[in-house]
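Before we start, here is the structure in question, set down as structure tokens.
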Amino acid sequence: QEQFVALPSYRVGPYASGGSGFYGGIIDYFSLVNAAGGVNGVKIAWQECETEYNPSRGVECYERLKTQRGGATLVEPLSTSIAYGILDRIPQDKIPMTMLGYGRSDAANGKVFPYVFPLISSYWSQAAAMVKYLADKNGGSLKGKKIVHLYHDSAFGKEPLPVLEALAKQQGFELVKVPVAPPGSEQQAQWLQIRQARPDHVILWGWGVMNSVAIKTAQRNGFPREKILGVWWAGSEEDTVPSGDAAKGYTAMSFNTPGNYPVLDEIRAKLYKTGKGNLSDQARIGSVYHMRGVTAGILFVEAMRTAQEKFGKGKPVTGEQMRWGLEHLNIDAARQKAVGAANMFPTVKTSCEDHEGSGAVKVQQWDGRKWNAITPNWIVGDRALVKKLIDESSGKYAAEKNIKPACMP
Amino acid sequence: MSTLSVNNIEVIYDHVILVLKGVSLEVPQGAIVALLGANGAGKSTTLKTISTLLRGERGDVTKGEVRFNGERVDQLTPNALVTRGLAQVMEGRHCFGHLTIEENLLTGAYTCRQSRAQLREALERVYHYFPRLKERRTSQAGYTSGGEQQMCAIGRALMAKPTMILLDEPSMGIAPQIVEEIFGIVKDLNTRENVSFLLAEQNTMVALRYADFGYILENGRVVMEGAAAELAANEDVKEFYLGVSGAGRKNFRDQKFYKRRKRWLS
Amino acid sequence: MGEATMLMNEPDTLFGARRQAGPVILDLRDISLSFGGVKALTGISFDVREHEIRAIIGPNGAGKSSMLNVINGVYRPQQGEIVLRGQHRRNMDCHAAARSGIARTFQNIALFKGMTVLDNVMTGRNLKMKSNFLLQALYWGPARREEIAHRRKAEEIIDFLEIQHIRKTPVGRLPYGLQKRVELARALAAEPEILLLDEPMAGMNVEEKQDMCRFILDVNDQFGTTIVLIEHDMGVVMDISDRVVVLDYGRKIGDGTPDEVRSNPEVIRAYLGGVADGEANGVESGGHGH
Amino acid sequence: MFYREAGQFRTTYEADGQLLPIRQDRIALIATLAVAVLAVPLLASPYLLSAILIPFLIFALAALGLNILTGYAGQLSLGTAAFMAVGAFASWNFVARIPGIPMLLAFVLGGLCAALVGIAFGLPSLRIRGFYLAAATLATQFFVIWCLTKISWLTGGSASGVITAQRIEIMGYAFDTPQRKYVLVLLVVALMALLAKNLVRSNVGRSWMAVRDMDMAAEVIGIRPMRTKLLAFAVSSFYCGVAGALYAFAYLGTVEPEAYSLDLSFRILFMIIIGGVGSILGSFLGAAFIVLLPVFLNIAAHGLALPTSVASNLELMVFGALIIFFLIVEPHGLARLWQIGKEKLRLWPFPH
Amino acid sequence: MDINFFFEVLIGGLLSGVMYALVAIGFVLIYKASGVFNFAQGAMVFFAALTCVGMMDKFGMSLWLAIPCTVVAMIVLGIAIERVVLRPLVNQPEITLFMATIGLAFFLEGLAQLLWGSQVHQLPLPIEDVPMQSLLDRFNIVVSQFDVIAAIICGVMVAVLALLFAKTRVGRALRAVADDHQAAQAVGIPLQRIWAILWAVAGVVALVAGLLWGARNGVQFALTFIALKALPVLILGGFTSVPGAIVGGLIIGASEKLAEVYIGPLVGGGIEGWFPYVLALLFLLVRPEGLFGEKIIRRI
């Protein structure tokens, strides 16, 4: 009577700190649910496998995990490369994969990608929301403004370009693209260029060490951190702590509202008190990555619940049924409250056309010690534009792969 | 008492190639001992075993022991041996190519802390023996001629003020005059400073002339030993190592093609 | 060449009459070479005749090896001219030298350490192998036939030099003396017309030297190969060479038959020293009593 | 006592020139191949095939390619992943842009493109040697990957630069299950290993080794260093290119620059050093070591019920320590260890 | 062209170059003295920095106590490396030693994170990383105070190490070791002791680099990558030259920044990753041993 989830995680290598926080959060929430008897009595089982964020090892991990304990019914690799590596395998294996805030944005189209779930928000939604936020901040219009897109020079950094370029044209702001060669541990040249360009805002589309270096280098070049808006992979404690005071005032996107929640208290009380918590350092409970992990855990558990409601309570669901559950998520404010996470993340309502289920984000600011939300409401960017891009791009993919777009039953 | 005694050593390279099959030899205090033998007999291996340089070549001493001044040394580091006064001139020169000749010589004095003046003096001594080195002293050793490198290697060993020197083919590639001179130096150091020598040499004639004692190695075994004069008088040695048979030295042109070496053993 | 071919076909040249030296095949004119301040060679001229054994002797650092390096194009002289079979050149280049039939051995053994003896010898036949690499990859047809044909040649040389027993041994493991022999085998594999030998007998005992001399003489006899030889063993030099050049400090101080050189006072002063007279070969090869 | 060559005489050079002169070796190899082609696909689990054996074979091929360059021709390179990337992207483009092109031809063409790039970046090797060359080849790595991220034409104009590999179809037969992919990869790798073996034991291979061991002496013998080195770069890159294409098409399923990071270059270098520089067998042993060991360690570490981050770090440490351990035991790699083992076996039961 | 901006980029580049040199020195030290290409240098930098902040974190030490403790740790580490890794590998081919250092790198990365966790840390050096006000006011050029201090530290280190190698007995011995392990042993150079000292010193150099880079970028795994930045510096300056490291660093730093700013926009940017390598490569075509490297002796 187990519901098995595959977690190809990474706890060594350059991104270890993010990985350990995120997977720690998922596991903590699973443990919490199990401690309370599981999902309608079905305990959740999971297994980790070290990927080192390396696609080759990630694929191996997926293949290894997928058949364990009666077969995985869900997988979350937290790495775009690994996600791509197993993208073609999951429909065959009938194991749904979630991509919380990363991966292909066009996977939100469930007709083409029935087994892929970029839950809550994709990169394109985020980019649109960022522009929306900046426009709001500038009194509703960005006309004549200059925005620098400082990005990780890789597929990841280039992903939002279609959205940003379209919006720049539409709203009349100037978009200056400044790439940073990965890993980005040196950015003096870029920031001198930025200083020279005198932009109104800098979008920091970074990952890993690039973020703290960007913040540090902004400081050494006298660029105000308040004008920097990071993506959610540039908006965790891991990105700001190493920069020390330099990060004060820095803003970044998030799909969580920072703060404390009953569910976190419960995790502290029920797990960490008894030494069953997953993090080695209790202080990290509720940190950005951990909370993101807890959010993922909640979404997974809700999907199980939803699926069980349809396919029979009290027994584990199959991968296909889990897929159905993920496609019919409806986590409204009441449900959030019920699991002790009211307003911790935006409400999520998925459907076949919309595997994202939300697209809403918040902006948070670092005060030198912790993150604080600075937008009271959830921000949603230009959904129509994003939808259009998703349809175009996924249509192309479908054509390439001979997929007939259709909703699965 | 013997300065150096090698007892029944057996050496295996690469775990499978058995090269020395129980070699024993003694170098008495203040003696010059020659180690003779054909190509591949194991002379160099014996010397490397004594100076414990063998380990770097993936060779193992599987049996036997080496004693230097009564102390067992086969487990020591080469450095420890040099500080105890045992220096080696390796086969194939092994100069430090990027260092100048003079720097090469100075590294030889690494183990004995000396004042600047003493060093100068030691250098001058080597230069006195090998004037050619003095001329080339600022050139990088890698760019000097084969013979110059050989001189450099010998000079370097002399710089350590050793009490015993292992010489591996010191005469190789050296002009005849200088060969005489090198052996002259050996004799000189031996009589005046009581330095003992163990020399592996192909130039049997000269070696036996200067040595007190000799060993003949074949196929990793000592097949003959004796006082140098005795060996030189032995008919077999004469024929195969000295190239003189009853009728005196033969012209190289007249050697028979089919003549094959007679073996003592194996 | 007429005579040479004829001789080549003679069945038993092993102990046959010595071949006569032919016309000049290689002429070095006024060669000067210096490295920075060091003058390795100053205005050296000498010639080498077809089929002869030409020795170069001289004290250490005299420029002997440099001379060989000039001949086969490893060094480019600053001055002078090399005439090879009537063709004038400012300098040689290695590849051209190899193609025109010059092969050599080196003073500091330059074998390919990671390869077996057989492979080393086979590399010597490199210039003669023509099939392209695709065929070789398939090891098929012409490539296979060629490989086997050349293998046969290589084996002949291996037999000739009596190194069959170590054929498959990596050369790095061989004792010094055998390495020298393998190097000679590699050079011979190219079937050279001119063979340059840099101290081929260093590190050998008398018996091995005798063998080596025999090999050299046989090569000279059987194949009519011209040989330029550097050696410090006066016994060897005086016995087997036809003419000798003596270098000292980059200058030529003597040139002639062994006997002429032996009695040249300047040569005696600079090189042979006290050991030259009478028993010229004494030091190296015996004679001196105890 | 079973492993003896006594009584096996090779009377012709032809026979002596055989791939494996000792009969037992020949039998063993044929048996291994037979098992690999016939039994393994039937018996092995899809996991073993698609997550272990396929990448193992592909990495072995890449290692073989690098071994040709580094092990045989002596040119240390850290640009392997870049050549693999060129092979993968080129193959993808050939398939995408030339409708109906046979898949295998696309792989070969991809390999040839990699060979061209290899030649271009091999040019400096004529002057630069050793670690200087190794560090300089990093230029290839970074430059090629940069080009692949920058030039969107190469990635078919995809916004993110990540493209999914086409299905492998050869003469209408789809290689889509792990079994089929495995067999395809195995055949390609076995064939290419055979070609490589032929190459390195023929004149070309000897020229490579000659240039590696002593380039000046090689030149004196009449080997042209330039042609030899460039040929090594070309052949090596071709192998890497094909391996890269297989990596994308038969393993990852995507063609993306990030899969060909510097990390991969290093990994392949590790393989040849651990396996044995200058040995075809070594490429396979090294690939096995580097691919399989982390998996075993991962399984073992997680079996110990340690906290996962401790397990992961321990795994890394043990991996590093094992590399050092094997080097100390045998600096010339697993292939030499194997060979010594065989030699011992030949002597067995006598000690020497 | 804005001349002010040009100088700003140039100075910024030169100062970044000094930071690269800081890492490169560690390489040079070991290569010059043992012929080992130390792949683990980056891991050592990471290990040193993480140990330092780890001690502050776990044991509540102050920075000034943690630094000497780390120095001791690095010395112990150096000695251990000699004992366990290098001693059994004396006289082995360069590539084997290189590979061993790769194993070492894995080991150190794992060990560091096992001991101190994989969290990222801040390293609070009491040097402010802000533009120097006077320069900003007078010339409108930003130059970070931190970089200037780093440059001074680096300069001092280079001077000391260069002195060590030039002419001292030990320096000469070290160069001899790099040429020929076996011959060095034969003349009585105590390889093992020398290597232990050397690796200990390299460990301390790694600590200095780790402190400065850690203060700049935070102490995190990515510190191991800065070794990649040091490589072009090394090949340009020559593997065997301490002053070469700093000169190479300056050249690489300045040119990569100028290239990124002036050439980058023309080709889509992000060229900093490969530009230094290509530059170094082109340079090597002219001088295969780098600017100040020892000439590679090729002779037969």
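As written, the chains take the letters A, B, C, D and E, and residue 1 is the first residue of each chain.
Going forward, a contact is a pair of C-beta atoms (placed from the backbone, for glycine too) under 8 Å apart; a residue touches a chain by one contact, two chains touch by 3 or more.
Here is each chain with its UniProt name: B, C = ABC transporter ATP-binding protein; D, E = Branched-chain amino acid ABC transporter permease.
The structure displayed is predicted, hence computed values, not measured ones.
The minimal number of chain-to-chain contact steps leading from subunit B to subunit D is 1.
The minimal number of chain-to-chain contact steps leading from subunit A to subunit C is 2. Compared with subunit C, the chain whose C-alpha mean position is the greatest distance off is A.
Of the two chain pairs examined here, B-E and D-E, it is D-E that is joined by more C-beta pairs in contact. When every chain is represented by the mean of its C-alpha atoms, the one lying closest to the mean of all protein C-alpha atoms is D.
Centroid distances from subunit B, each centroid being the mean of CA atoms, peak for A. Subunit B and subunit C, compared by their mean Cα positions, are separated by 28 Å. With centres set at the average Cα position, the gap from subunit A to subunit E is 36 Å.
For this pair, subunit C with subunit E, the centres built from the Cα atoms lie 49 Å apart. Each of residues 92, 109-110, 113, 117-118, 268, 270-271, 273-274, 299-300 in subunit E touches at least two other chains. Multi-chain contact residues of subunit B (touching two or more other chains): 143.
Touching of two or more other chains is recorded for residues 74, 106, 108, 110 of subunit C.
Under the contact rule stated at the top, the pairs of chains that touch are A-D, A-E, B-C, B-D, B-E, C-D, C-E, D-E. Across the complex, subunit D is touched by residues 72, 74, 94-95, 97-99, 103-104, 106, 110-115, 119, 122-127, 129, 131, 133, 136-139, 143, 147-148, 151-152, 155, 186, 190 of subunit C. Against subunit E, in their complex, subunit A makes its touches with residues 11-17, 20, 153, 177-183, 185-186, 188-190, 192-193, 195-196, 208-209, 212-213, 216, 219-222, 238, 241-244, 246, 280-281, 284. Interface of subunit C with subunit E (complex): residues 69, 74, 106, 108, 110.
Of all the residues in subunit B, the ones that touch subunit C in their complex are 13, 17, 36-41, 44, 91-93, 132, 136, 139, 143-148, 150-151, 169, 172-180, 202-206, 209, 229, 232, 240-244, 248-253, 255, 257, 259, 261. Contact residues of subunit A toward subunit D in the complex are 9-12, 16, 20, 23, 47-50, 54-57, 59-60, 62-64, 66-67, 80-81, 84-89, 104, 153-156, 158-159, 161-162, 181, 278, 280, 393, 397, 400-401.
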